[in-house]
Amino acid sequence: MKILVINPNSDSRMTRAIARAAGRFAAGRFETECVSSPGGPRFIETYEDEMKTAPGMLGLVRERESDSDAFVVACHCDPNLDLLKEATPKPVVGIGEASMKIASMLGHSFAVLSATAHSIPNKLALIRKYHLEGACASVRPAENGAYLAAARTAVREDGAEVIVLGCAGMTGRDEKIRRALGVPVLDPLVCGLIVASGLAAAGFGISRARRYRGRD
Amino acid sequence: MKILVINPNSDSRMTRAIARAAGRFAAGRFETECVSSPGGPRFIETYEDEMKTAPGMLGLVRERESDSDAFVVACHCDPNLDLLKEATPKPVVGIGEASMKIASMLGHSFAVLSATAHSIPNKLALIRKYHLEGACASVRPAENGAYLAAARTAVREDGAEVIVLGCAGMTGRDEKIRRALGVPVLDPLVCGLIVASGLAAAGFGISRARRYRGRD
Amino acid sequence: MKILVINPNSDSRMTRAIARAAGRFAAGRFETECVSSPGGPRFIETYEDEMKTAPGMLGLVRERESDSDAFVVACHCDPNLDLLKEATPKPVVGIGEASMKIASMLGHSFAVLSATAHSIPNKLALIRKYHLEGACASVRPAENGAYLAAARTAVREDGAEVIVLGCAGMTGRDEKIRRALGVPVLDPLVCGLIVASGLAAAGFGISRARRYRGRD
Amino acid sequence: MKILVINPNSDSRMTRAIARAAGRFAAGRFETECVSSPGGPRFIETYEDEMKTAPGMLGLVRERESDSDAFVVACHCDPNLDLLKEATPKPVVGIGEASMKIASMLGHSFAVLSATAHSIPNKLALIRKYHLEGACASVRPAENGAYLAAARTAVREDGAEVIVLGCAGMTGRDEKIRRALGVPVLDPLVCGLIVASGLAAAGFGISRARRYRGRD
Amino acid sequence: MKILVINPNSDSRMTRAIARAAGRFAAGRFETECVSSPGGPRFIETYEDEMKTAPGMLGLVRERESDSDAFVVACHCDPNLDLLKEATPKPVVGIGEASMKIASMLGHSFAVLSATAHSIPNKLALIRKYHLEGACASVRPAENGAYLAAARTAVREDGAEVIVLGCAGMTGRDEKIRRALGVPVLDPLVCGLIVASGLAAAGFGISRARRYRGRD
Amino acid sequence: MKILVINPNSDSRMTRAIARAAGRFAAGRFETECVSSPGGPRFIETYEDEMKTAPGMLGLVRERESDSDAFVVACHCDPNLDLLKEATPKPVVGIGEASMKIASMLGHSFAVLSATAHSIPNKLALIRKYHLEGACASVRPAENGAYLAAARTAVREDGAEVIVLGCAGMTGRDEKIRRALGVPVLDPLVCGLIVASGLAAAGFGISRARRYRGRD
């Protein structure tokens, strides 16, 4: 089984880091390949960034559909996820959606650490899109890299029982928070791989009924 | 005051029809100009269609920002609306959002007529995005042009008190339904123009606080 | 086009101030007239106040229906709005409903400044009635006239992206807040006039289907 | 203990019927007195009807506060309930609110039988006001007195497990439906008396904190 | 009329205290008997505690069904309430459900005082189960017996208008809080008795339609 | 990696069938063992059934904690799931929760096929508990084994885009429905195994923060 992990941005250092992390989780069980979206911007932060990376992401899914068993979008804001779900009946998994839905199975409520305060409303819009308002304790910005402080506030003041790292670039930050606070800390890339590899193994894919049917 | 109406698709007949309808409503009060999004597909039906028309729509807002007082996106699925709201502090109004929020002020609940059954889930996702689930009686497809039959079902079986035409291409269908059923029937283009011209007159625009702030 | 603005209270100084503000916004585009509800109390703060002003408001709508194209209720708690919607098929617009629904189109979430802490639960009940819980960041009391401080808290702590002045008597407070915080600040009277004049121009009115049908 | 039951309408036959039914339920346990609201219309169907009966209802609560331990508003649309809750710290109970909240304790979901299709949206607005959308299976009109048929549809098609008679005038219709369908059928007047007498016995009343505090 | 009050735990001092409090409220009106669940743990705090006390509670309902008119579960977390509702068509009332639904009739929103921070998520899950999220201002822990401080925070910071004592063991704490804060403070046992005695008097019981039908 | 699959009922034929299905999905990737809950009833249909099987399920988790990497509860009503989540920090996955949350990632909305009409309200209560009301199109009973007919109704009339088999005993029914309707049909046992094996591989488990902390 082979899973194509798509980094929507063009930061090759992040692509390599994602590739390594994906490989570590998959090792001995399935194959992963991580590619940058051609033409993607250096960061995905704005709606314009999402637009710019869309054609490259779509092209990757189309070109690699025959030799991939599932696709993972490796950005926690799930850019262009509906577009890719429409493009193939194979599993397409956003790490935002996968991580937050898995988090909701592990405790009463979860908090998301966001990279900046700027991205809070977009996270909240995503949480609403996924029907997760009732399971989300808070979105807390970890500005200037203060991951642990943000997570601690989420647990102590907001009642979060599970922490979701809200950016693919936060990979590796989980262990320290977990040890300090004693709650599950979810690396969203790992969550995306759990769902994508599981769906591929089971033969489950995106429904073509109506929402993702594409042009008739 | 001048309002730029953007038709996201490239169907020039529809662009002309929208231009005429906009002009009729604005006549003597404000100026309207209707343009097609360069590079837009012939219809907007899929997520890929939305992607294809995005750069053209964004380009129009940027090029015409200085000589326009507000922008109206003339497709009821509000394609790329967040992208455009991010692009300018001037008013950007989707005819889907404007028509359904106005409908919610005129009766207990509204129904949307959709062009096809295919588009129902996308309408429902839009309705959820705008927090309108509680005000929406139903989305009813008017397949094969059966507008009146769909509206009648919405009123009689679903309890709709206001009908929203769910496609810019349905312009002109309102009068017959209104006479037959005796309920308000909203042309979404008109609703978009009401909001856009009002916002422009008042000097209200899109907040740059966070969600639509763009790149710092 | 002529819009009758109804001030539910009997404070003639406020009626004159509302008349001036309405006239400024409408100037050159439509006519406005502002009248006090006969028998209305000096302030609208309690349910009993709403009751006392109801017959006068209803009488105004009935008497002035033939020479008015739309009605605006110029109190942010929208007193007796359902009663007036039932009384005429012409547009009847509450400045509370109009301002908060317009606010929801301009940013991720809005905050309402209330005149007193006393009125917070009534604002929240109104927000729920209009299905706006998900779009409202907070209701913040501006007690002792501390408008700017209340708005600042709403933006910084509650994440509000748009400020709604929650009282017709706050007219003129918007400019200072807008300059200080850089977010849209909505004068609700202006919002009410946008919607009312737009509906009148379009020929859209209150549905008589069931909720506002009146006695058969 | 004495409970004043207020019939908001002026139909003296209905007032006597309510008085008898209240007396039967209270017999030997507490005292009830049923009075019509002075100036009330013959039926309560419209918002104008609610307005007309408001001063009489408020007057009754004020005049009879000293010799009553609790008040019951005997109309299922709970007209002017907020107004009366504001008028006294003694218990004020609407039979709509009491019956639907009790129904939610007896089964998975309840249905309300409404007197006419006209009143469905008002019932739904009330259900939303009381946060009961999730517990309500449907509102079914029992037009032309077809109570049993409406209840049967609610149970079989809508999954209702409890039936609420949605009009004070339906008193006495419960037994036949209960026998035919085998589900609890709630007389709302009885529900109102349960809550009002219980609150009075416990010394619980309306909070004056903010929403119902009245003029400072 | 006789109401069996079931204390799910085996703390005989608490059982006696509950019995006294129940007797005081019922005095002269109906009979109450309070029994501990055989085999119940000393406290009900965990899901395992709930499991351990389930057979004893079920046994009590079965054994005492013929000589009881209604049952009250005297623990605010309503342990095994669905199980008991399934076991008898007679009224079965949880003091959590009864107290919070009554609270919602007395003010804009209520707060629950919980015995520990540990129990907050369970209270929130219960509040969601009963569709009361929209009526609940907060759950505030009264750790180390700081009832008044917790209630004051709920009223002043969270906007609570009614306080619900969130543990059967808090009986007697109400008076001091009520005097200090001037808002209704509900003893949940009393609320449970109000509903149970009222249902029994009216002949209303649990619906056997589907959810609580038991084995066919 | 070894996953213990717990069949809450004592039907040994079903236990063997579940064991075979689990083995097929896991083959070559992880180990599964399927055991019946000691003392479980023959079917899990009522709240009493859930109670009866609780001690056996809890005992299994405790006894087998050291040699199991995760637990799957193989009954779609997720009996005693909170109890088991409290019992171990290792992953505990209900096939109801896992299947419905996975379904929500594959299409706009899903439908659940229930074994009987009796179980509909319990499914709906579960769906609400998991915050999935907005993603669920319907629960449709497949009475008398009419799986395909129920699924077809869900797709055509309710707009379901994904079908969830709502009973562990429906294993094997998926292929026929998938071929006939062309939408994903999820075997819940497979979904439970996807999540459980993924969580175990990642080292994610149940949060002990508060809700599932157990006795201090």
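In order of appearance the chains are A, B, C, D, E and F, and numbering begins at 1 in each one.
Here, a residue touches a chain if its C-beta (ideal position, glycine included) is under 8 Å from a C-beta of that chain, and two chains touch if they have at least 3 such contacts.
Small disclaimer: the values here were computed from a predicted structure and weren't measured.
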Set of chains whose contacts include both chain F and chain D: B, E
Chain centre separation (chain A, chain E; CA means) in Å: 42
Centre-to-centre distance between chain D and chain A (centres being mean Cα positions), rounded to whole Å: 51
Residues of chain D whose C-beta touches two or more other chains: 108, 120-121, 125, 128, 133-134, 159, 161, 210-212
Pairs of chains found to touch, sorted by chain label: A-B, A-C, A-E, A-F, B-C, B-D, B-F, C-D, C-E, D-E, D-F, E-F
Chain B residues touching chain C - in the complex, by the definition given at the top: 25, 29, 91, 93, 97-98, 101-102, 104-108, 130-135, 155, 159-162, 182-184, 186-187, 190-191, 193-195, 197-199, 201-202, 204-212
List of chain A residues in touch with chain B within their complex: 45-51, 54-55, 58, 80, 82-83, 85-87, 117-118, 120-122, 125, 128-129, 210-216
Residue ranges of chain C in contact with chain A within the complex: 108-109, 134, 159, 161
Complex contact set, residues of chain D against chain B: 120-121, 124-125, 128, 133
